[in-house]
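Note that chain A is present in both complexes that follow, paired respectively with chain B and with chain C.
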Partner chain A sequence: MNLLVAQAQQIEAPEIHYGAIAPVLIVLGAACISVLLEALLPKHQRWAVQLVLSLLTLVGATGALILYAVSERPEQGVATLAGTVAVDSPSLFLWATLLVLAFGSVLLIADRSVEPGGAFVAQAAIRPGTIQDRAQATKTGMQTEVFPLTLFALGGMMTFVASNDLLTMFIALEVMSLPLYLLCGLARRRRLLSQEAAVKYFLLGAFASAFFLYGVALLYGYAGSVKLSSIAAAAAGTDRSDTLLFAGFGLLVVGLLFKAAVGPFHAWTPDVYQGAPTPVTAFMAACTKVAAFGGILRVITVAFENTQWEWRGVLYGVAVVSMVIGAVLGLTQTDVKRMIAYSSVAHAGFLLIGSIALVPDGEGVSATMFYLLAYGFTTIAAFGIVSLVRNSDGEATHLSQWAGLAKRSPIVAGVFTFLLLALAGIPLTSGFIGKFVVFSAAIEAGLTPLVVIALVASAVAAFFYLRVIVLMYFSDPAPDGPTVSVPGAFTTIAITLGAVVTLVLGLWPTFVLDWAGTGTFLS
Partner chain B sequence: MSWVLIALLVVPLVGALVVAFLRKDDKKAKLVALAFSLVELVLAVLLWTAYDPGGSRLQLETKVDWIPAFGVQLAFGIDGIALVMIAVIALLIPLVIGAGWTEKLPAGRSQGGYLALILVQESVTVAVFAATDVFLFYVLFEVMLIPMYFLIGGYGGARRQYAAVKFFLYSFLGGLIMLASAIGAYAMASDELGKGTFDWATLVTVVRDADPTTQTWLFLGFFLAFAIKAPLVPFHTWLPDAAAEAPIGVTVIVVGILDKVGTFGMLRYLLPMFPEASKNLAPYILVLAVAGVLYGSLLATGQRDMKRFLAYVSIAHFGFIALGIFAFTSQAGVGSVSYMLNHSISTGMLILVIGMVIARGGSSQISDYGGMSKVAPLLAGMLLISGLTTLSLPGTNSFVSEFLVLIGSFPTQPVATILATVGMVLAALYVLWLYQRMMTGPLRGDALVAAAAGPGAVGDPEKKTAIGDLTKREIAVLAPLVVIVLALGFYPQPVLDVITPTVGATLTEVGVTDPVSVQEGK
Partner chain C sequence: MTPTYYLLLSALLFSIGAVGVLVRRNAIVVFMCVELMLNAVNLTLVTFARINGSLDGQVMAFFVMVVAAAEVVVGLAIIMSIFRTRRSASVDDSSLLKY
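Here is the complex of A and B:
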C-alpha cells in the first residue's frame, strides 16, 4: 500500500493550460450537460433548450478562442496535457473554422420551418415503411439527441486537429466518428436510405479506424513512441527498419484519407451524403473535411516532413486518382446530393495537393487551411439550398426536378448558381482564391504537373456544375415539379452566412490569408 | 484624365443595375440602356483624345492594392492597342442595342435582363483590355464568360444550352491553363525579386530573361488560352456553335469583340513576356494561322447557315491577324492591330445586316432567301457594302489592314504569306456567292415567299410585298458604320498613328528589328 502511494506521488500531474484548451473543454462540457438535459427535461422543452445551449456553447467557445488568441498565446504555440495536445496557430485557425462552420450547421439542424418538425426522425427506433413510420413522418417532434451528438462530434474534431500524438488522435477520431454514424441514420424521410447510409458509414469507418490503429502500432514499433515529434526524430537518420515506418505511414494515411473522403477511399461518400439528413450532410461535408485535413496536415508536416521524398509519389498518385474520380464520376450523377459528394471527392484531391506541397515557409499549410474554410462555407450554404427544394415526399434531389427553378424562385436559383460557380473555382468567389493559393504553393513545391492535372480536372468538374445552372435557367419547369419552401430564420441565416463569406473571401481574402499564415505547426 | 478609364468601367455597370430594375417596362429599359451606352461612347472619345501616341508605354494608369499577400493590384491602364479595342466596343454596343430594338426575345424573357447582361459584358470586356495586372487580367478573362454564358444560354436559338456550355468550357479550360502559367511567372518573380508580383510591367522584365525551356512552357499556357479565344484552328470549334445559337446582337459581341481578347493577349502578354519562345514557336503558330485562313475560307464557302458562315469568315480573318502578329515586322504588326479594329467594324456590320435579313425572313438558312434586292434594295446594298469590306475591297477599311499584313509578312515569311493570299481570293468567292444567292435573281425561298406574300396570301412572288426595306432605325444603325468603313478605307492615318508606337514598342520588347527591305520601303 505504501509502495503504491509512493509511486503515485512520483507521477506528476501534467500541467494543463486551461486557457489554451478552453474552447474544447467548453464544447465537450456542454455536450455532457446536453446529454443530462435530454434525460431530465420534459419532451416539449428539449428542442428550445438544446438549441440555445448549443448556440451559446459555440459562441462561448469562439469567444474563449479569440480571448486566448489575442491575449496570452505564445508565438510558437504550446503543448499541453503532457504534450498530447498542441495549441499552435494552425490549431487555433482550424478550431475557429470548425466552430463557425458548426454554427452554420447547427442552424440548419435546428430548422423546423422547411420540414415541419425538423429534418430528423421523431423516434429513431421505428422500423421503416411501417404504419408507425408514416405516422412519425407527419409528427412535429424530433429526436433532440441530435444536438449533444453534434457537440460531441465537434469536440472530437477539435481535439483531432490539435492532437500531438497518434493515440490522442485515434481517440479523437472515434469521438468525432461515432456520433456522426448515428446522426446519419436519423433522417425523418426515406428512413431505409438513411439507415443504409449509417450502417455503411459505420462499417467502412470501423475498417478505416482499424487501419489507422494498425498504422499507429507499427509506427510505435518503429519509433518507440506515438508522439509525432518522436517519430520525426526517429526517422531522421537512423538505421531502423524502413518497412515498419512506411507500412505504418501507409496504414495511418489510409485511415485519414478515408475520413477526408479522398479517392480511392471515397466509396462511402456518395451514399452517406445522399442518405443522411441534409443538415447532417452539410455538417459532415464541411466540418469532417476540415478536421480530417487538419489531421493530415499535422501528421505529414510534423512527423513525416523529413521522409517526404519516399512517400510523396504515393500521395501524388492518390491526389490524381481522387481528382479524376470526383470529376469524372460527378458527370454521371443525377442526384444533387450525390453530385456534391463527388465534387467533394474532387475537392479533396485539390486539398491533398496543398497538403503535400511542403514548402519551407508553410505556404502549403496556410493555403490548404484557407481552402478548407472557403470550401466549408460554400458547402454549408449549398446544402442549405438543397434542403429547400421539396415536393410532397420531402426533398426533391433528383436533378431533373430542378429544371426551370430560376423561373419560380429566382433568388434561390441565383444564390445556388453563385455557390456552384464558387465550387467550380470561378474568379471573384472564395473557391477561386482557394484554388489559387493551393496551386501556387504546389507550383512552388515543384508539383507543376500535378497542378496541370488539377486544372484539367477543374474544367471537367465545371461541366457538371454548369449542367445544373443550365437546368435551372434554360430549361422549362416540369408541371409537377417541386416547390421551393420559404426558409425560416435559421436556414436563411445559415445560407446567407455561407454565401456572404464565399463572396467576401473571393473579393478580399487578405485578412483570412494573413491569419492562416501566421504560424506553423508546433513540432 | 485617368478617371475617364475608370468611368468607362463603371458607367455600364451602373447602367446594368438601373436596367435590371426595369424588367417590367421593356421600352424604358431599352431607352435607358441606349443612353448609358451612348455615354460610354462619349467617354471613349474622351479617352481617345486623352491618349498621347508618343507618350509612355502604358498611360492613364490607376493602381490600387487588392490582395497584397500576392502583390495583386487593381491596376488599369491603356496602350494604343487597348485604346483602339475599347473604342470599338463603345462604338458597337449602342449599335447592337439599336439593331435589336424590335427583336423578339424568347418567351418569358424581358429586355431589361437582356440589356443588363449586355452592359455588364461591355464593362467587363473594357476591363479586360484595360487590365495591367496579370492576375486581374485572368480574373476578368474568366468573369467575362459568365454574362456571355447567360446571354447565349438564355436568349439563343434551339441548341443554345449546348452552345453556351461548350463556349464556357472551352474558354474556362484555356483560362485555367493560363492561370498555371501566370502562377509560374509569379513564382519566378518572387524568387528573383524576393516578393511576388503580378504587375505586368514588372513581370515582363523578370520573365523575359527566363531560360528557354521554362519560357516555352509558360508561353504554351498563355497561348492555349488565347488560341481558344481568338480562335485559331484547331481550337475554334466552339465559335460556329456560339455564333449560330446566340441572338444576333450577341453574335456581334462574340465575333466582333470577345474574340479580340485572344489576339490582344498575344500582343500584350505572349510577345513581351516570352520573346524567345515567341520567336522559336512562331513557325508552328504560322502554320495554324495559314491553316485558319484557308480552312475558314473554304468552310465559309460551304456553309448553309448564315451565322455559321459568319463564324468561319472570322476564323479566316483571325488567321490573317495571327500571321501579322507572328511575322515580327512593324508593318505586319500594325496591319494586325488595325485588322482587329476593322474586323470588328466590317464583320460587326455584316452580322447586323444579316440580322436584319433574318428578322425579315425568319430563317438563317441561305437557301431560304433569293432575289431580295427586288423587294429590299437598300438592304441588298448594305449587304453588298458590308460584304465588300469583309472581302477587303480597296477603298474599304479592311483593305488597308489586310494589305499591311501581307506586305509586312512577306519579307520574313514569304511562304506563309503567299498561301494566305489565296484566302483573299476565296473571300471574294464566299462573299459574292452569298450575295448572289440571296439578293439576285427571281424572288425565291420558302421563308421569303411566305413572308412576302403576307399572311394567308398564296403565290405571286413579284407582288408588292409585306417585306419592307430598311426602316429609319435600321438606317440609323448602319449609317455610322458605312461612314467609318469608307473613312478608314481612304484615310486610316488617325488609327495607324495611335497603333504604330505601341506595336513598335512591342517588337522592341521581342527584340526584333525590321528586315532591310521593309525599312527601305518606309
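Here is the complex of A and C:
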C-alpha cells in the first residue's frame, strides 16, 4: 500500500495550456454536446439547433484562436499535454484555415433550399430502391447526425496538424477519418453510389492506416519513442540500423499520402468525390487536404529533416507521378466531380513539391500553407456551384449537361469560370499566387527540374478546365438540360466566401503570406 | 529466444493481412485482414517495448485496440448497409463508380 502511494506521488500530472488548445477543446466538446442533442431533442427541432450549435462552435473556436494568437505567447510555440500537442505558428495558421473552411462546409451541408430537405438522406437505415426510400426522398427531414460527425472530423483534423508525436497523430487520423467514412454514405439521391463510395473509402482508408501504424511501430523500435523530436535526435547521429528508420518512414508516408490523395495513392479519390454528397465532397476536398498536408509538413520538417537527402528522391518521384496522373487522367473525365477530383490529385502533387522544398530556409512550409488555404476556398466554392446545377434526378454532374450553361445562368457560369481559372493558376487569382510561391521556394531549394515538370502538368491541366469553360459558353444548351437552382442564403454565403477569398488572395496576397511565414514548427 | 523472431512473425502476419486485403473478395474478410494487420502491429509494438525497455509500446498497443474497435463499429455499419441493399458483400459487385 505504501509502495503504491509512493509511486502515485512520483507521477506528475502534465501541465496543460488550456488557452492554447482551447479551439480544439471547443470543437470536440461541442461535438459531444451535439451527439447528446441528437438523443434528447424531438426530430423537428434538431436541424435548427444543430446548425446554430455548429456555427456558434466554429465562431467560438475561431474567437478563442484569435484571443490566443494576439496574446503574449512564446515565439516558437508551446508543447502541451506532456509534449504530445504542439501549438506553434503553423498550427495556428492551419487551425484558422480549417475553421474557416469548415464554416463554409457546414453552410453547404446545412443548405435546404437547393434540394428540399438538404443533400442528406432522411433516414439512412432505409434500403435504397424500396417504396419507403422513394417516399423519404421527398421528405424534408434529414439525418442531422451529419453535424456532430462534421465537428468530430474537424476536431480530428485540428489535432492532426498539431500533433507532436506519432501516436497522437494516429489517433487524430482515425478521429478525422471515421466520421468522413460515414458522411460519404449519407447522400439523399443516388444512394447506391454513395454507399459504394463509403465502402471503398472505408476499406482503403483502413488499409492505409494500417500501413501508417506499422510505420509508427518501426520508428518506435528505431528511436525508442514516438515523439517527432526524439526521432530526429535518434536519426541525427547513431549507429542504429537505418533499415528500421527508412522502412518506418516509407510506411508512415504511405499512410499520409493516402489521406492527402497524392498519386499513386489516389485510387479512392475520384470514386469517393463522385459518390459522396457534394457538401461532404467539398468538406473532404478542402479540409482533409489541409489536415493531411499539415501533418506531412510537420512530420518531414520536425522528424526527418536531417535525413532528407535519403528520402527526397522518393517524394520527388511521387510528386511527378501525382501531377502526371492528375493532369492526364483529368483530360479523359466526363463527370464534373470526377474532373475536380483528378484536379485535386494534380494539386496534391504541386503541394508535395512545396513540402519537400525544405532547404535553404524552409520557405516551402509557408508557401505550401498559403497554397492549402487558397486551394481550400476555391474548391469549396467550386463544389458549391456543382450542387446548384440540377435536373429532376438530382445533381447533373455529366459534363454534356453543362453545355450552354452560360445562356441559362450567366452568373453561375461566370463564377464557375473564375474558379476554374483559379484552379488552373491564371494570374489575378489565388491559384496563381499559390503556384508562384510554391514553385519559387522549390527553385531555391534546387528542385528546378521538378518545377519544369509541374509547369507542363499545369498547362495540361489547364486544358481540361478550359474545355469546361468552352462548353459552358460556346455550345447550345440541350432542350431537356438541367436547370440552375437559385441558392438560398447558406449556399450563397459559402460560394461567395470562397470566390471572394480566391479573388482577394489573387490581388493582395501579402497579408496572408506574411502570416503564413511568421514562424516555424516547434521542434 | 531472441525478440527478433517476434518481429519476423509480426512482419509475416502483417504481410498475410496485406495480401489478404488485396486478393479476397468479401468485404467482411477484407476487413478482417485489416484487423490482422493492426494486430500484427500490436505484436511489433509490444516486442519493441521489450527490446527498448520502456512501457510506451505496450500503452500504444492499448490505443490501437481501442481504435480497431471503433473502426469495427463504423466499418460493419457501412458494410451492413451496402449488404442490405445489394444482398452481397462482395467488393467486386460495387462497381458503379469507375474510370
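By our rule, the second predicted complex is superposed on the first by the 520 of 523 C-alpha atoms of A that agree within 3 Å, B and C clash if a C-alpha of one lies under 4 Å from a C-alpha of the other, contacts with A are read in each partner's own complex, and residues count from 1 in each chain.
Please note the rule applied: contacts are C-beta pairs under 8 Å (C-beta built on N, C-alpha and C of every residue); 3 or more make two chains touch, one makes a residue touch a chain.
Since the model is a prediction, treat every value here as computed from it, not as a measurement.
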Between chain B (first) and chain C (second), which, if any, makes contact with A:Leu503: first, second, both or neither?
neither
Please name the chain, chain B or chain C, that touches the greater number of residues in chain A.
C
Touching A:Ser225, do we find chain B (first), chain C (second), both, or neither?
second
In the overlay, answer first, second, both or neither for which of chain B and chain C A:Gln274 touches.
second
After superposition on the shared chain, which partner residues are touched by A:Pro427: those of chain B (first), chain C (second), both, or neither?
first
Could you look at A:Leu455 and tell me whether it touches chain B, chain C, both or neither (first, second, both, neither)?
first
After the superposition on A, what does A:Ala233 contact: first (chain B), second (chain C), both or neither?
neither
With both complexes superposed on chain A, which partner does A:Val35 reach: first (chain B), second (chain C), both or neither?
neither
Okay, in this complex, where on chain C does chain A touch?
7, 14, 17-18, 21, 27, 30-31, 34, 37-38, 40-41, 44-45, 47-48, 51-52, 54, 56-57, 60, 63-64, 67, 70-71, 74-75, 77-79, 81-82, 84-86, 91, 94, 96-99
Touching residues of chain A toward chain B in the complex: what are they?
407, 421, 426-428, 432-433, 436, 439-440, 443-444, 448, 451-452, 455-456, 458-459, 462-463, 466-467, 470, 473-475, 508-510, 513-514, 517
Can you check the complex and tell me which residues of chain A touch chain C?
124-125, 127-129, 167, 170-171, 174, 178, 181-182, 185, 191-193, 195-200, 202-203, 206-207, 210, 213-214, 216-218, 220-221, 224-226, 270-271, 274-275, 332
In the complex, chain B touches chain A at residues 67-70, 108, 138-140, 142-143, 146, 149-150, 153-154, 160-161, 164-165, 168-169, 172-173, 176-177, 179-180, 183-184, 186-187
